[in-house]
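For reference, chains read A, B, C and D in written order, and residue numbers begin at 1 within each chain.
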Amino acid sequence: MKQLKGILPPITTPFIKGELSIEKLEFNISKWNSTSLSGYVVMGSNGESVLLTRDEKLKLIEAAKKFASEEKLLIAGTGSDSIKETINLTNDSAKLGVDYALVLTPSFYKSEMKHEAFVKYFSLVADSTDIPIIIYNVPKFTGVDIETETVLELSKHQNIAGIKNSTENIRQIIEFVSKTKNEFNVLVGTASMLYSGFTSGAVGGIVALANIAPKETVQIHEFVNQGNLIDALSLQQKMIPINKAVTSKFGVAGLKAAMDLLGYYGGDPRVPLAPLNELNKNILINILKDSGLLNN
Amino acid sequence: MKQLKGILPPITTPFIKGELSIEKLEFNISKWNSTSLSGYVVMGSNGESVLLTRDEKLKLIEAAKKFASEEKLLIAGTGSDSIKETINLTNDSAKLGVDYALVLTPSFYKSEMKHEAFVKYFSLVADSTDIPIIIYNVPKFTGVDIETETVLELSKHQNIAGIKNSTENIRQIIEFVSKTKNEFNVLVGTASMLYSGFTSGAVGGIVALANIAPKETVQIHEFVNQGNLIDALSLQQKMIPINKAVTSKFGVAGLKAAMDLLGYYGGDPRVPLAPLNELNKNILINILKDSGLLNN
Amino acid sequence: MKQLKGILPPITTPFIKGELSIEKLEFNISKWNSTSLSGYVVMGSNGESVLLTRDEKLKLIEAAKKFASEEKLLIAGTGSDSIKETINLTNDSAKLGVDYALVLTPSFYKSEMKHEAFVKYFSLVADSTDIPIIIYNVPKFTGVDIETETVLELSKHQNIAGIKNSTENIRQIIEFVSKTKNEFNVLVGTASMLYSGFTSGAVGGIVALANIAPKETVQIHEFVNQGNLIDALSLQQKMIPINKAVTSKFGVAGLKAAMDLLGYYGGDPRVPLAPLNELNKNILINILKDSGLLNN
Amino acid sequence: MKQLKGILPPITTPFIKGELSIEKLEFNISKWNSTSLSGYVVMGSNGESVLLTRDEKLKLIEAAKKFASEEKLLIAGTGSDSIKETINLTNDSAKLGVDYALVLTPSFYKSEMKHEAFVKYFSLVADSTDIPIIIYNVPKFTGVDIETETVLELSKHQNIAGIKNSTENIRQIIEFVSKTKNEFNVLVGTASMLYSGFTSGAVGGIVALANIAPKETVQIHEFVNQGNLIDALSLQQKMIPINKAVTSKFGVAGLKAAMDLLGYYGGDPRVPLAPLNELNKNILINILKDSGLLNN
């Protein structure tokens, strides 16, 4: 089993005229293969997973597996509110060579998605999946938030390998790390949390920014591992504005536009998401230049 | 084309030990067939649609079509964030005899789900579906809310037949009615809105309470149509506590427990939803007695 | 005791260069005196109450009392989280001739502001005030919402005369009316709720729009009283866009700009509120024209 | 001018039968005087500031000044939506010997409280106060959140000394530190943020937990200053459950109950806040024992 740690981009899904482009996927993965990224997450939030059909998802996984170099982890987002469907998709993904499944918290019946429901959901899923699962907590998309006691309870399940926590709340990370056993892996879910997460015991990050800044995101991790907090914090500070631009500010469209500007294939997001307009593209260019990712 | 109006229950999906029970579905529909309900909505929020697999959904539609008496409308909830998948499921439903598709607003990328995205999403879906669609706005589950100008814009599409608006905001209903043309049908989405909706021009309601109180919900409509506002309001007042119990207070579990108490088959909701505990069941019984639905 | 019913504007507070203008207050009140408004609310949310000092508040009340014609009700907003201060200000207001105090729900400690806290707060205030109080529920400003059972409990206090409910949730109004005794007065808090509120048993409205459309807001009430629902609804529909403009869309600045356009004195709101910019003023003018309040 | 840094408790306001007890205040401050706390904040959120009259506030400041040892900083919460009133109260506080005023973001007109309004508000206040002000951002109470660009802009004002940021979002702290000049002091606002805040450049913390754990909160700061991250993180982890208990879980009532248990005077909070019930008091005792603050 490959170890769950380090920096992994939730890779964008390349479309040409709205259709999946396996060729462009190969182009991007080839570039990332030469970096120190630990692996790839397909069908995460930045992969526009909810805009794909089931067939497209499997095609995407198959291709990613083919193009990723051997040492890279492959994780697939397979969660939905339906336990049956989540298990099915996870096991179909496992057959294609996926190492871990990233499973979103169920969220439709928001007021009922609390401790008991989460424990039941993730336990039942993990009981029946052929690969370990990672809990995916992302309140800004789901409208629900998982509590520490729930994570503690679920961390005892031997087929639940960790959590990707996509908030900027560092208290959660500290609690998840301190309350769970060593084999349970806490990963941050946004690049603004790398420095604080690593200095608090997180072992990795699945972060959108790694799509365009694999070197810098890995570097923050290494600086912290070396005990070089000054450079780690300084690089973290530099990454925050661009991280904001490709997440909360401009979303997937911003991330894809940045990829196009930095030598990857970004392309347009799928409808109903809209591509970045010219005004926002210029703002993005300036932010990329300020951060040093794009040459002046 | 059957007219979209009157009272329709978003029918619950019957499970026995977690598996779809077509037999129990027949039992419930047989009972409803003898009422003045206009038809049935399968795979709505109260139908636990998000907890079903695609195969189960189609099986459910097929059965509902078979059991529903000829004059009843059949509507199916077919929406998801993916436009492709929404069109596919809608057209597969149409082949099975569904009259209208109820299409949830896309909602995963909440901050981007505004006017432009909604217009694009619903227009593209409606362009390609073999049956007319109904916009389904339910902020408490989706975390997004549709604006009047968006509804106005979409109402011009000839394959968009109306909107089910599941809020208690009467201003929205008044605006939707006054801004759209006559052929665009505005339906309320919760039974607390029947009286105010009908006195404001709404033509129907898709309301959970109709599962257990078909007579009363239809009666409110008829009272308003007869200009008998006093009795309409009085009946509306009586229905509010029980409506609250089977929606915001106890959710699908409460609705199913009430069905069991009133001679329908309710059963347990599917995991991760939990059945009503004894304490809450007793509260529910008292509310049902107070409302007159259950004999003392 | 003057009866609490009919239409009352929460009157704007006129400033010249940031300072209270008693002269402009007189100008506005003189105009309103000739209408069928039931009275005036000073120091409501639209009166920028939270931006005034205590001395300014008393000065404002004194002036309003002086200028209001004898038959008009005078209500003052006197609530704050401090029970002591609320009682003090209410009793000082009473000495100046105020008929009722409008008391905002306490809201600072949001997570604790539930049934028990509200019951204690309003009971203690009402126990010690020389005039009856009106509960003021306005979640968009306070972030808290009062429940029906709380209103029911408080309605039994003989010094609590009613509630102003500033949401667009008609279910609340129906419940408040049906659960409380006849002497407890339910008033809607926004002009979009006049038609639905009056057809549900509300006896009045304290609504921003009445500052600029006293005739129309009163007319909706009269139409409903006459059983003329068609004209009532039609006028209600016409008022919704302009009501939106002077509340949720442009706030106090929009209301004041509309007053300036319609022959009242509006002026600028106090800092930190900003006056309407030119672009928005033009949008406002068009909305006023469309609604018929401003001649083309 | 005393330097704004280190750990300061927002001290609770002692009441006996609902009335201010200066004697109990002296008792508490005497105990805190012998610790390494940098000073005291009176009339913060934990001081139940919004439940006090203006006279009580001044009386409280006067007493705190009298009892605090000379080297301790004295900060008073003086902010309200009214700029005039905020300036008045700040300057009256200054006359009584307060060093800095903690000024809450205005928040009543939530949808308008954005960059421009905040810049105008804080600039106008700071222009006219005789002592420097500290911005106080606490979204859980105000419902509004300040943006980095606003803090950057305000940090240039020479009479704005810093910000107390009461969220658990570490990205904000990193941004505030990196974007503002050295003389602008960033303080965390809750004890769960001490470790991460100090490792990110924050210079202090105004945290409820310091009322009952002055030694431990100061110790985390010192550990970080010594470069001893392991012990700092370990102590931080230990403090999180008790910090939760005296803030989000049980609020001011919990903090006061913990004070009573640990040798300080806590007493009951003022109505409408309710004291801790027995059940919750037992939960609190267990949490205090687990954290080592209370002997087993």
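Keep this in mind: contacts are C-beta pairs under 8 Å (C-beta built on N, C-alpha and C of every residue); 3 or more make two chains touch, one makes a residue touch a chain.
Keep in mind that this is a model prediction, so the values were computed, not measured.
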Contact-graph separation of subunit A and subunit D, given in steps at minimum: 1
Most distant chain from subunit A by Cα centroid: C
Shared interface numbering between subunit D and subunit C [over half = same, under half = different]: same
Approximate Å spacing (C-alpha centroids) for the pair subunit C, subunit D: 35
Approximate Å spacing (C-alpha centroids) for the pair subunit A, subunit C: 49
Set of subunit B residues in contact with two or more other chains: none
Subunit A partner contacts - residues on subunit D that touch it in the complex: 168-172, 174-175, 177-178, 192-193, 195-196, 199-201, 229, 233, 236-237, 240
Interface residues, subunit A side, partner subunit B - complex: 45, 50-54, 80-85, 88, 106, 108-113, 116-118, 120-121, 124, 140-141, 143, 248, 251-252, 270-274
